[in-house]
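Which chain is which? They are A, B and C, in the order written, and residues in each are numbered from 1.
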Amino acid sequence: MTATVVQTGITNSLTQGQLHPRTPWVILGLSLAAAGGIVSLIASAVSSEFSLVGAIALGALFYLVSIVVISRLVEGSRKATDRFVTALVTGAFIIAMAPLVSLLFTVVVNGSARFDVEFFTSSMRNVVGEGGGAAHAIVGTLLMTGTAAIISIPIGLFTAIYLVEYGRGPLARAITFFVDVMTGIPSIVAGLFAFALFAIFFGPGVRMGFAGAIALAVLMIPVVVRSCEEMLRVVPNELREASYALGVPKWLTILNVVLPTSAAGIATGIMLSIARVIGETAPLLIVAGFTASMNYNLFAERMQSLPVFVFTSYSNQGVDTQAYLDRAWAGALTLILIVMLLNLVARIIARAFAPKLGR
Amino acid sequence: MTATDPKVLPVASQGKPKQRLGDIIFSRTSLISGSAILAILAAVAIFLVGQSLPAFVADPEDLIGSPASFGDYVWPLVFGTLWSATLALVMALPLAVGIALFISHYAPRRLAQILGYIVDLLAAVPSVVFGLWGIGVLAPAVLPAYTWLAENLGWIPLFAPPVSGTGRTILTAAIVLGVMILPVMTAICREIFIQTPVLHEEAALALGATRWEMITMAVLPFGRPGIISGAMLGLGRALGETMAVAMVLSATGVITINLVSSTNPSTIAANIALSFPEAYGINVNLLIATGLILFVITLIVNSIARYIVNRRKDFSGAN
Amino acid sequence: MNITRVGSFAAISVAAALVLSACATNETPTEEAPSALAGNLVGAGSSAVGAAQEVWIAEFQTANPEVTVTYDPTGSGAGRETFLAGGSDFAGTDRAFNDEEVAAGGFASCAEGSGIVQLPLYVSPIAVIFNLDGVSELNMSADVIAGIFAGTITNWNDAAIADLNEGVELPDLAITPVHRSDDSGTTDNFTDYLAQAAPSVWTFEADGVWPLDSGEGAQGTSGVVDAVTNGVGTIGYADASRAGDLGTVAVQIGDEFVPFSPEAAAAVVDASPFIEGRPDFDLSIELDRTPDSAAYPVVLVAYLVGCETYLDPAKGELVKAYFTYMASEAGQAAANAGAGSAPISATLFERVTAAIDVIS
């Protein structure tokens, strides 16, 4: 990756010299080899096991020092700083990817045990121990999250538009302020709120998917507003002004210039908001309840969802522990795949709308 | 960040006496949406305050664990919430900016798209799974490091022994939180960095700037509000995260800054999740009151962030 | 991960979604209708009963295909509140409604003036589990257990433990006691045992919230089991069905050491008196944790609570049928197989049957 820095970087005749594109790689290889040697020496000296993590960390350190020194000698201090930061940024990326990859790996390995046809075609009705599936939970999650999205995305997007394009004065300030407040609602409180709200109309025994969707929407709206607002704000003003100068009305400008320009960002924001709520457990357990049976009706009876399925499979394991755990992991894997699919769709849609920029 | 700067008001809204129908519909819709949010929040707030009030005036003897006062019950939770979220943010923010820069300005384009996709994906991992991963993979993995820290750096209060026997300390919880908020922060930073005006970047490069100089001159100032926004969303999630903390953290309700021992303060959200199922009567109100406090904490944190963003908004693209 | 891989994942997901749009295959109605019962029955409460309820519901629904029973494992407190407010038809709870609550009445699902029926249908031993290499069983007295959890006994080679376990090689290793960090009936029953059996060492009252600041907290039975399994020199308490491969403690009763078993757990329930002054059909038990004979005193008893007379007679009929099934030999055996609970004894069964008879 370091090589590309040199390839795409500006070749400036004013800088004294340049390292060969392959040099950083050679240095990296040498650093790692040296670190590996030292670590294995230490390991044999104190007769402990060879630590791969330690070797890589030491190698990275060697590389960092040597590339800066070499670059400073050959290319000057500014280039050296640049190389230092490049190494640091790449390092940050690798460090961060380690837990993420470990997590994903854990889910995929554990989840694949029960990732079979039965898992997608069966509910848990009358199933004890092995077998059964999460069809009812998948349907419930899709219905409830979908409803929450249908409620929150228009409200959130239009609020963001209001804040960026129209809003000024006390109302806009109040909305900004309260959206900030909303990001801090603990999920369980959102669940309690939805429950209290629906209990007023339907009595204390109310459990329905729609109430779950409302709880999710309360959690989702601030994320949609906040991320969309940010994305709308970075649309250059020159674009808006150019549009106005051509006599295009404001709403068409927003619709045809501002929104398409920020389409990719908005899609990401919406995906993040869906991802934020699709894994919520606590509020759904309170308002949508827990059931082993299929339910397609959002407005009546309990509705199972994948996170609740995963959580209860983990926390209420029967005697056949492994069957419950396998189902829990398969449920988690399914959840990730659903979001992956949604993400893909969102990106395709965003790409269809986005104008072709110079990158 | 809220109001449009009057100097650069869009032309359309200034000198047009006749409003177009489309304009009216559009502005009304957005106004109604904004007001709807206020209405929802008002409802949530009324609910929260109404349900919390009984807890503030209740006899402390009736509360969970019979604390000396309401404050005695809440204070360790407030401390734990702020402490774990701060740790998480301190660890995750530099990483998030690093990853975002890597994806937006360092990695080859095709690779960058795939990487961005993977990071987005991780935002979707349910917190239960983070909890499972924290207990089963992370805690055993960091235990040797904690033991080493306690043995060699035990004189620093942060690492004072005795070390936890399972690795489920507040530092582990903070690492899990950090990993959880990384995707959100990275995604927002990345989107903002990508939006940096190409002209600014090319101008910087044309003047002979190295890549890093270009980033410090053009990308970071432009992306500043976005970085802070992302950090705030991340912090909001870290403050309010329930299940993962409840599962990973060995919470015993003491106030300590020790990072490696098995006695740790709990957090507000985790405490609600842990106590709510068995709570009844006044204790339900007590837990909702702690939820109200979390609300206020988030509010204060967000207000500070807004203040920072507003102090310097020269590079904001719009308005 | 490349694009085609993503694509194939997407294709599988789409196919899965298509399959989902059809009915769940295990829910296609069977043609035979062996039972006349029909309707919905809703329960909520203790998560400790969750696994047993899953078993009972599955068996009951198989026998009565027109009936749907649901049980929200939201927790005992929430379960009692829900039942009180009329949100559920029956409750599962780790502690029975107490005198005050029964006297206050106001159970919204019940007919006016109707009392409630509280039945100890779920009896489960709580195992004291530990993780020591090469040791699968240890003998301990109540005082030793209390000392370990109170933090006065801190090393596995402590004389107090060694004296009770001659011939067992105990390592020089710090003890990490693990307790539940959530409010739970398991903790309530465990601390009740310590308070009754070791009053000199354990000076706290029985409580669902762990009373000490020391030790290690973990969420839920699964959390405790995970913490004990993944830790070094750890000890904790959990539902016996989840003890798995971990070492377990045999508890000293008199001169004997009794390991946990369903029979020994049922014995302690039999030896305990019912709480006095309750109506006939309120079978709340005052557990006696210091039995004279060989019985396992660390047990959790969960109650199934219903109305004597329901507002809706149809509900009464369903509840009666469901409770009858749970109390029956088949029901108790199923819960034993699926959730590791202890079947209730014949004497208790008679009392329970009499109580269920009044439900209408």
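Please note the rule applied: contacts are C-beta pairs under 8 Å (C-beta built on N, C-alpha and C of every residue); 3 or more make two chains touch, one makes a residue touch a chain.
For clarity, every value in this text was computed on a predicted model and none was experimentally measured.
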Chain-level touch network, classified as line, ring, star, complete or other: complete
Remotest chain, chain B as reference, centres from CA atoms: C
Length of the line joining the C-alpha centres of chain B and chain C, rounded to whole Å: 37
Chain A and chain B, separation of their C-alpha mean positions in angstrom: 13
Interface hub residues of chain C, defined as touching at least two other chains: 6, 47, 74
Multi-partner residues of chain A (at least 2 other chains): 314, 338, 340
Chain B: positions in contact with at least two other chains: 117-118, 136, 273, 276
List of chain B residues in touch with chain C within their complex: 64-65, 114, 117-118, 135-136, 139-140, 162, 164-168, 246-247, 249-254, 262-263, 266, 273-280, 283-284
Contacting residues of chain C [partner chain B, same complex]: 1-3, 6, 47, 74-78, 80-81, 94, 174, 176, 178, 181-185, 207-219, 223, 226-227, 230-234
Chain A-touching residues of chain C, taken from the complex the two chains share: 6, 9-10, 12-14, 16-17, 19-20, 22-27, 40, 42, 47, 50-51, 54-55, 57-59, 61-62, 68, 70-74, 82, 85-88, 108, 220-222, 241-242, 244, 337-340
Interfacial residue positions of chain B with respect to chain A in the complex: 1-4, 8, 10-13, 20, 22-23, 25-27, 29-38, 40-41, 43-44, 47-48, 51, 94-99, 101-103, 106-109, 117-130, 132-133, 136-138, 175, 179, 182-184, 186-188, 191-192, 194-195, 197-198, 205-206, 208, 210-213, 215, 222, 225-226, 229, 232-233, 236-237, 239-240, 242-243, 268-269, 272-273, 276, 288, 291, 294-295, 297-299, 301-303, 306, 316-319
Touching residues (chain side chain A, partner chain C) in the complex: 117-118, 120-129, 132-133, 135-136, 138-139, 142, 203-207, 285-286, 289-294, 301-302, 312, 314-321, 337-338, 340-341, 344
